[in-house]
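As written, the chain order gives the labels A, B, C, D, E and F, with residue 1 at the start of each chain.
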Amino acid sequence: MGLLTGVLRPRLEATAHCDLPCGVYDPAQARIEAESVKAIQEKYQANEDPAFRARAIQIKEERADLVKHHLWVLWTDYFKPPHFEKYPQLHELFNKATKAAGGGEGGAKSSMDPQSGQQVLDYIAEISDIFWETKKG
Amino acid sequence: MGLLTGVLRPRLEATAHCDLPCGVYDPAQARIEAESVKAIQEKYQANEDPAFRARAIQIKEERADLVKHHLWVLWTDYFKPPHFEKYPQLHELFNKATKAAGGGEGGAKSSMDPQSGQQVLDYIAEISDIFWETKKG
Amino acid sequence: MGLLTGVLRPRLEATAHCDLPCGVYDPAQARIEAESVKAIQEKYQANEDPAFRARAIQIKEERADLVKHHLWVLWTDYFKPPHFEKYPQLHELFNKATKAAGGGEGGAKSSMDPQSGQQVLDYIAEISDIFWETKKG
Amino acid sequence: MGLLTGVLRPRLEATAHCDLPCGVYDPAQARIEAESVKAIQEKYQANEDPAFRARAIQIKEERADLVKHHLWVLWTDYFKPPHFEKYPQLHELFNKATKAAGGGEGGAKSSMDPQSGQQVLDYIAEISDIFWETKKG
Amino acid sequence: MGLLTGVLRPRLEATAHCDLPCGVYDPAQARIEAESVKAIQEKYQANEDPAFRARAIQIKEERADLVKHHLWVLWTDYFKPPHFEKYPQLHELFNKATKAAGGGEGGAKSSMDPQSGQQVLDYIAEISDIFWETKKG
Amino acid sequence: MGLLTGVLRPRLEATAHCDLPCGVYDPAQARIEAESVKAIQEKYQANEDPAFRARAIQIKEERADLVKHHLWVLWTDYFKPPHFEKYPQLHELFNKATKAAGGGEGGAKSSMDPQSGQQVLDYIAEISDIFWETKKG
């Protein structure tokens, strides 16, 4: 296993996502992409080179797409009727979170403002709280 | 932010990967897919239905592809010459890890044995140790 | 324009989906893929050749993925808060529809029974009714 | 089935496209993407924000790719030798239609003029006429 | 540049494909994938392990898709009206070649017989002859 | 087979790349995409139209991604431990080549200078030399 103790290594239980289903789910997948969205927006603000900005816009689009995809997978494939009963806000929360990552007004696709990226991260944190609570239960 | 204390929530710093580059990298992306590979292998062993097994083989293939992709990104985009100097085993480690996730003899694509999935996870843990050590530095 | 009168030609208004957004949405995109899912299930039942069946399982998986994707896009990108207020069943309907197209128990991915494909088509028809009603309003 | 009568609902027979083949084909798939291409061009003309325009160019590119793909599928997978005999213009029609959706001079990828999008729609309408005539036969 | 003389190195002029267009086209792209299709069919015949065969069927499907895609790109994007005039067989040749790579009766997707893969290679060789002749012109 | 003698036709042995593995590998796949990258950079320099340039940036990004992918496949799937022993520079060569095709400083993704595309082509030529030497052995 090697050089390092477990101290440094992430403690996250394996959790993720396909549709066998394999049973592995993890909101970290959405969060990582959303961190990327926000980081791209920050780099965009700090760099006026038009070619860089064109690349930033394009890459942010793809990353925000991944955010939406990972969230949709959690909403449809991980969460079950009893969860929706226990957390009645869950449908709307996912709908808002995926809209926030999209191309509508103020969405992280249509905006270059890092606050729109942060908004997505905040929604994902809320979802993540609920997700881990259901895991504990 | 909501319901839960930070205790339950993953502690991982946001870290991931595109090629703007956004500067966000995280071995968790490879690990989550590798966990899926192993979980699929276990479900395959426990279920003899031929249609289920066909789906398992197909989906494992895609997940193992993602493992390879996430590792290649780390190897090329995150790690820099000084890292390779400090960790001379790094090239070979990545080469072995991506081979272990592939279709060669004993690789996680060509094998339905969960031990081949575990082998990939072990390599990713080694890479992750080094990754987080470079982050600390 | 050519040979035929308009009689034969589909009457559907152009309606679809990207996330510019272009403003074009159409439940037909999900429906066409779901028809494919069901047709593949029927062909699977009628053909015992193992290679054919392996291909059918694989291709159905992709088509069911597209069903889910097209539905998610409608749910997040087309439908807005006032719609969800007017049709309070909409969240659950989409959640059920995408689950029905997925890999859970009885879902169209995990089942080779054309009835599971028909179930997805029925949900899409319900969604389509609501969609066109909102267009009329 | 629910709320609405059939009046409002699209009447299109299910028709589409994979390569099992499932036997389901539908020119509506190409048409919907082409409507999107044209709508994007119109929105581009109406909005001078450079970030919006960069996104529009990128998304139009993808949508035009889908147009080409759906048309190629019809040309290769749906139409058979007797069709090409009966409609000797069919090869050239498809070649022109896919070129019109592409990146050559005046093509809908390289042009931001909605007329180039309309040109693609016109070709698709011609193809659709022939398609539905062969279905009737 | 390194170790070897030019003797060993492939002599192919760079030639390929996107839709900027970059102007680079090369039938080798289709041919390489078709070689893969045929090689997979041969390996399938030589190996009765069901998991291997499932993977072979799945991977062949993807490779045959790439064959079709690369051929469609040549047909639409590289060849121009004067070419179609000079080589009146070209439309039908491409139509047959892409059908041969597809899922119809005897096509390389639906068949595990290496002869179906060879048939695709033969068509590509014909197309390649014409392609290189137009380059010389 | 048709019109032309073998003289004109490329002589390259079929060689490519999936992960069955089919056993077919060919550095030409990476090279063709890298030629495209460089050609796009040249066209970008010669054309100041902003919409053209936006498309060029976007398409180059995809092509450079393909270069990286094809190279990673060779590094992991084709080359084996004895090759790395015989060519100790191979790891670093591939790492440099994929970095040169990427988004780091001076990389072909982040630069519009055709020299960055040429740099990638030079690395691929070195790799190709070694590849064909191992084939001869």
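Before moving on, here are some points about what is shown:
Everything below uses one rule, namely that a contact is a pair of C-beta atoms (placed from the backbone, for glycine too) under 8 Å apart; a residue touches a chain by one contact, two chains touch by 3 or more.
Everything numeric here is computed off the predicted structure, so don't read it as measured data.
Common neighbours of subunit B and subunit C under the contact definition above: A, E.
When subunit C is laid over subunit D using CA atoms, the rotation angle comes to 180 degrees (nearest 5).
Of all chains, the one whose mean C-alpha position sits at the greatest distance from that of subunit A is E. For the interfaces D-F and B-F, the C-beta contact count is higher for B-F. Comparing each option in A-D, A-C or B-C with D-E by residue number, the pair that reproduces over half of the contacts is A-C. Mean C-alpha positions place subunit C and subunit E at a centre distance of 33 Å. Between the CA-based centres of subunit A and subunit E the separation comes to 39 Å, rounded to the whole angstrom. With centres set at the average Cα position, the gap from subunit E to subunit F is 19 Å. Counting partner chains per residue, subunit C has residues 18-20, 54-55, 58-59, 61, 103, 109 touching two or more of them.
Which chains touch which is summed up as A-B, A-C, A-D, A-F, B-C, B-E, B-F, C-D, C-E, D-E, D-F, E-F. Residues 53-54, 57-58, 61, 103, 109-110, 112 of subunit D are the ones touching subunit F in the complex. Interface residues of subunit A facing subunit C in the complex, by the touch rule stated above, are 18-21, 61, 65, 68, 72, 75-77, 84, 91-92, 95, 98-99, 102-104, 109. Of all residues in subunit C, only 51-52, 54-55, 58-59 touch subunit E in the complex they form.
On the subunit F side of its complex with subunit E, the touching residues are 1-4, 8-12, 14-20, 22-24, 26-29, 31-33, 35-36, 39-40, 43, 55-56, 59, 62-63, 122, 125-126, 128-130, 132-133, 136.
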